[in-house]
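The structure's right below; bear with me while I get my questions together.
Labels for the chains are A, B, C and D, by order of writing; each one numbers its residues from 1.
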Amino acid sequence: MSIWEKMLNVDRRWIFLLIGIACVVPFFTPLGLPILPSQEVISIYDYIEDLSTDNAMFVGFDFDPGTAAENMPMGVAVLRHAFARNVPVFITAYTPLGQGMAGMAIDELTNPATGDYFEYVNWDAWAEIRDQGFTERADIEEAWLAAGNTLPENARGWIFEGRDIAFLGYLPYFHLVILGMSSSIVSQFPTDVGGTPLEEMPMYQDHKSLRDIDLAVTTAGSSACVAWITYGREKIGLPIAFGVTAVMATDYYIYIQSGQIIGQMGGLRGAAEYETLLLDNDYCKNPGKAYIGMDVQNIAHLLIIFLVVLGNIAFFAGGFNKKTKLKGRR
Amino acid sequence: MTETIGLWVGAIFTIGIYSFLYKENPLYRLAEHLVVGISTGFGIAITYTQVLRPKLIEPLANGEQGAWLLLIPAILGLLYITRFFPSVGWLSRYPMAFLMGAGMGVGFPLSMKSLVLRQLEASLTPLYETGMAWDIVLGNIVLVLGTLAALIYFFFSKPHKGPFFGTGSKIGIWVIMVGFGATFGFTVMGRISLLIGRIQFLLGDWLHIIK
Amino acid sequence: MKRSVPLAIVMVGGILFMIQYFIPHQHSQTLFEYYTEWAPIVGAFALVLGVGSLTRLHSHKIKRKAKNWQYSYAVLIPLYSIPFFALVMPQSLGGGMMQTMGGDRLTMGVFDFAYMNIQVPIQATMFSLLAFYIASAAFRAFRAKSALATVLLLSAVIVMLGQVPIGELLGKWFPKVGLWILRYPNLGAKRAISLGVGFGVLATQLKIIFGVERNWLGGAGE
Amino acid sequence: MQRKVPALLLAMLLATGLAWAQAEEAPLADPVEATESAEEAVIEGVEVEADAPITSAPIGDGMVPPSGIVASDWPNDAGDALLVSWEPGSETGNETFIGYSVYRRIQGEEELALVAVLELDDGTSFIDGYDPDYWVEPGVQYEYSVAAMYMNGGEVASEITAAQETAANQFYHTGKTRVLFGCVLFLGLILFYFHAAQRGLEMYLRPIAGIEAIDEAIGRATEMGKPILYVPGLSTISDVATIASITILGRVAKKVAEYGTPLLVPNRDPIVYTIAEETVKQAYMEAGRPDAFDKDSVFFLTQSQFAFVAGVNGIMMREKPATNFYLGMFWAESLILAETGSLSGAIQIAGTDAVTQLPFFITTCDYTLIGEELYAASAYLGREPKQLGSIKGQDACKGIIMAVITLGILLSLTDLIAGTETLNWLKNLITMPIVD
């Protein structure tokens, strides 16, 4: 067996080891290469930037733990943007595990240990203010502060459950749920996951069906996002933005081209671009997880290309191009 | 305390799965079986609390107006269980037929709209408009001709021979391969991201070596 | 009764809902609403079949002391205990949510623990195996064995470099060419495939409605 | 069959009738509720007098209320919406003007209910009926009044005008004609070729390598005395790819039964699992070896995607199947399955209509059925005339699509040379409104 043949038939585990090393090292020696946001991501950012507390949006956590590394930073970034702008957010999930993912995203944004966080105000905690009849966001906050609450130093703002956020969660056959919500949200979700009746929520009173919603962002690791197009966009013209994994991103360029979605975050890079936009516009102080991850990408991509080149050198130097036929393809 | 134990459990199972890269082993086997059991158990719990209870049991128990109609889907659903009894197992085809028939009927016009007409509509773009850069013009030409050629490849009832079907399907498979290569290359980033997520968990959340 | 009635249900239901799409009339909408309301309820019961299969497979293994039978307990115990815990402590179904929504951490039940610390890490790690596999697949498959294979290889490498900031440092044109490939030839191929798939889907839907394709009934029991 | 169909039709009609009866009953509660809430809805300080403009001080001199209210039926719906539009009064140009309130009542009733508040940039028209609290009922005569609102809380209201039309149920959605045309054309072509095929039309089918390799792959496993793994995709039975896969499974299982090779079929969807089990059992019966069928060979694993992959990976490394089939719908797990399979030394045949996953199957499997080839496989294997006819019909449709795209190219060139806009004309023929 020549050295070339050995190289071509190398035990896969060596490749696994190399990839493992390449993905760990950059965490200790960051490169910090700049990331330029693409138009598809800027469109989403600008769109949310134009929303205010009178609008409302949906954020669908339509992914499972498997794609959390890519989808989670997108969901967190979009939620951060919405929370900072006090845009009411309905949170849904396409899969049962997606509900857990949404919970984790809210946790991350409301956890004091993370720095840049939002102080979560429970539904029951501000019951008195509700009883006084306040429904406007500004009035609620004023009354809340007047009641002797102060914003902790490293918190960015308040999130009033039922005014700024409604965690609706998961329902099976979610495409039918989207369809149902186009006439009435409460028909599908009588309560949020905590059992609070939706009808009592001020944010529901202003936005009763998907027709009253200004944007739906779906962060998806599967074709779940298409359901939003088919049943939300096509049926009632709901504006949709995608946050999809890198692999799906190529497929959904079609939707950008045909104007069916307003923008798309593709993979970790898309998330990193959104984080860059948030960072540049002072919505947060520290770069997010996706931003740091881009360094690893650089090294890993180079390694894979190096391996491919090496494989081809061995292939031709060993003269295999003359012997073997292309296997596995017509 | 629970949190620390949780982190350790999570980390052990993470390593257990990675150990599969070296060799199949008892730790992987345990993780594999546990995750099958847990995920299905979770599925049952969710289906009950999110579907059956709010959409079937509660309306019936509260005697909501017209709730008795819900007995129809409930009975249909229960018919699935006849599968366990071979002699009446064929009854389980009824709920299946209900879901299939309506599902296919609902899907048909929607598929026509989104999979065919929308795609066709998007294919009808001008090749050149004033002020278009050369790479876009070239792109448009490649896009339209590529679509045509790749469509020829999917003709099943004609031999792929001769100048039209022969050449066409050859160009078609080339275009398809360029597309596949691009998708593969584009995917690499996503896959590395997943590993990054786990490294952040192992080195950050668990071992606190990195931020 | 065994075959013809289900086939008739499919045909009537299929045609009814196909037409329903074009009729905005109130009654037509009501019909559709019934379908959307009922379908999840009917579908929910199917899970029982899955649970039955899992139980049978693993109890067989344990009974016969088949190879690796001990691991079957790792399937059966959570399979039954988790729904039980969810019934006893429904609040633990939040999936990590309770920590902030409910206010105090004590509500984190056994279920939450299993979900957060076993289910989530195992799933995510399984998925992340792709990082290793994609590298080894690239190494083995991307060889310039033929013109076609070379095209596949080149398009992959260019796009791969175009994706990362370092590609831009190597050559300003990498991201541009990568994007160009993604947006034009790639889109052309995808569009053709999806049109083909579209007709395949439509034809199969029709075949099912008209009873030409009937293997979904399962084989036996005429 | 003939006798049962009418009976069933009758039953379905009965069920539909019941559903309709329900629908008639339900909205009856509404008008009462609407009128009740009207009292609360009327803005403080605004007096409501029948047939007289709502006016409240202080609004300043010379203010002319909105006028010319037109309420017409909103088309293509279930008679649950009216389009209300009006002419602005003197409010345009007035800086303290903040928007409009739209009031509504059923003719013959006293109280007006506030059904909508429109902001400045919402324009001077609005579709009434989408608010679930104030829905519009078909055939009911409504009366409207529109008031201009001012910053100080004052309103100048128009006269109460009876709606020119009542909301009507439509029997056909005019915006869906293009889809209808497409559906009918497709249906016609498929039915035509069904008949042509049954009359014995000769049909050529080009070879598909992946399908031809199936027998060879089963033979290999038999020689090696190792099992065959068949994954029928991860989707549900309503996914067309799954249905195609089940057909191929039937064929594979029959061969497997003849050879006496062990078969493993893990499933992710419980319904697909039962169908796969039936199919395999049936195949063993057809092969004349019903006793050889092992109940544990077809099994449900879990509904969770990656838990499923973990399970299948474990099976592959422990049982070391000689041949793996991955046919049906796959998502990201495709590469994990295919690489693990290749690591375990199996020969692999894949097929899916998931465009995103095809590249991974192409690079790691020995044979791959691309997209539509997977559906075509069931026709190839069955050789049933109607199935073949359907393939021919699909090809005809692709031909039509290609002709339209080619026409598009030609028109685009014509536009370029002659400066016309013919491509836009063609595109408008196909373009559908985004909203139904």
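By definition in this document, a residue touches a chain if its C-beta (ideal position, glycine included) is under 8 Å from a C-beta of that chain, and two chains touch if they have at least 3 such contacts.
Keep in mind that this is a model prediction, so the values were computed, not measured.
Engineer: Over the chains that touch one another, what is the least number of steps taking subunit C to subunit D?
Structural biologist: 1
Engineer: Along the graph of touching chains, what's the shortest path length in steps from subunit B to subunit C?
Structural biologist: Steps on the shortest route: 1.
Engineer: Which interface, named by its two chains, has the most contact pairs?
Structural biologist: Looking at every pair of chains, the most contacts join B-C.
Engineer: On a C-alpha centroid basis, what's the spacing between subunit A and subunit B, in Å?
Structural biologist: 18
Engineer: What's the distance between the Cα centroids of subunit A and subunit C, rounded to whole Å?
Structural biologist: Between these chains, centre-to-centre, one finds 19 Å.
Engineer: Approximately how many whole Å separate the CA-defined centres of subunit A and subunit D?
Structural biologist: Each chain reduced to its C-alpha mean, subunit A and subunit D end up 24 Å apart.
Engineer: Touching two or more other chains, which residues of subunit B qualify?
Structural biologist: Where subunit B meets two or more other chains at a single residue, that happens at 17, 20-21, 29, 31-33, 35-36, 38-40, 42-43, 46-47, 51, 69, 72, 80, 83, 96, 99-100, 103-104, 107-110, 112-113, 116, 118-123, 144, 147-148, 151, 154, 173, 176, 180-184, 186-189, 191-192, 194-195, 197-198.
Engineer: Going by the touch rule set out above, which residues of subunit C reach two or more other chains?
Structural biologist: In subunit C, residues 1, 5, 7, 9, 12-13, 16, 18, 21-22, 34, 39-40, 43-44, 46-51, 54, 68, 115-116, 119-124, 126-134, 136, 138, 140, 142, 148, 152-153, 157, 160, 163-164, 182-183, 186-187, 190-191, 193-197, 199, 201-202, 205-206, 208, 216-218, 221 touch at least two other chains, as defined above.
Engineer: Could you list which residues of subunit A touch at least two other chains?
Structural biologist: 12, 16, 19, 23, 64-69, 97, 99, 171-172, 234, 245-247, 250-251, 254, 257, 260, 269, 297, 300-301, 304, 329-330
Engineer: Applying the document's contact rule, which stretches of subunit D touch subunit A when the two form their complex?
Structural biologist: Against subunit A, the touching part of subunit D is residues 130-133, 209, 304-306, 331-332, 343, 355-356, 362-363, 365-368, 434-436.
Engineer: Spell out the part of subunit C that touches subunit B in their complex, as residue ranges.
Structural biologist: So the residues of subunit C in touch with subunit B come to 1-3, 5-7, 9-18, 20-22, 32, 34-35, 37-52, 54, 68, 71-72, 74-83, 86-87, 90, 93, 105, 108, 111, 113-134, 138, 148, 151-160, 163-164, 176, 178, 180-199, 201-202, 205-206, 208-209, 216-218, 221.
Engineer: Inside the complex, what are the residues of subunit C that reach subunit A?
Structural biologist: 33, 36, 39-40, 43-44, 94-97, 99-103, 115-116, 119-121, 123-124, 126-128, 131-132, 134-136, 138-140, 142-146, 148-149, 153, 157, 160-161, 163-167, 169, 182-183, 186-187, 190-191
Engineer: Would you mind writing out the residues of subunit D in touch with subunit C in their complex?
Structural biologist: Subunit D reaches subunit C through residues 1, 4-5, 8-9, 12, 16, 19-20, 22-23, 76-80, 138, 169-173, 176, 179-180, 183, 186-187, 190, 194, 237, 240, 243-244, 246-247, 250, 267, 269-271, 273-275, 277-283, 285-286, 295-296, 299-307, 309-310, 313, 318, 332, 335-336, 338-340, 353, 355, 358, 360, 362-364, 370-372, 374-376, 378, 384, 386-387, 390, 393-394, 397-398, 401.
Engineer: Using the touch definition up top, name the residues of subunit D that touch subunit B in the complex.
Structural biologist: 15, 18-19, 22, 25-26, 176, 178-180, 182-183, 186, 203-206, 208, 237-238, 271, 274-275, 301-304, 306-308, 310-311, 313-314, 317-318, 355-356, 358-360, 362-363, 370-373, 376, 391-392, 394-395, 398, 401-402, 404-406, 408-409, 412-413, 415-416, 423, 426-427, 430-432
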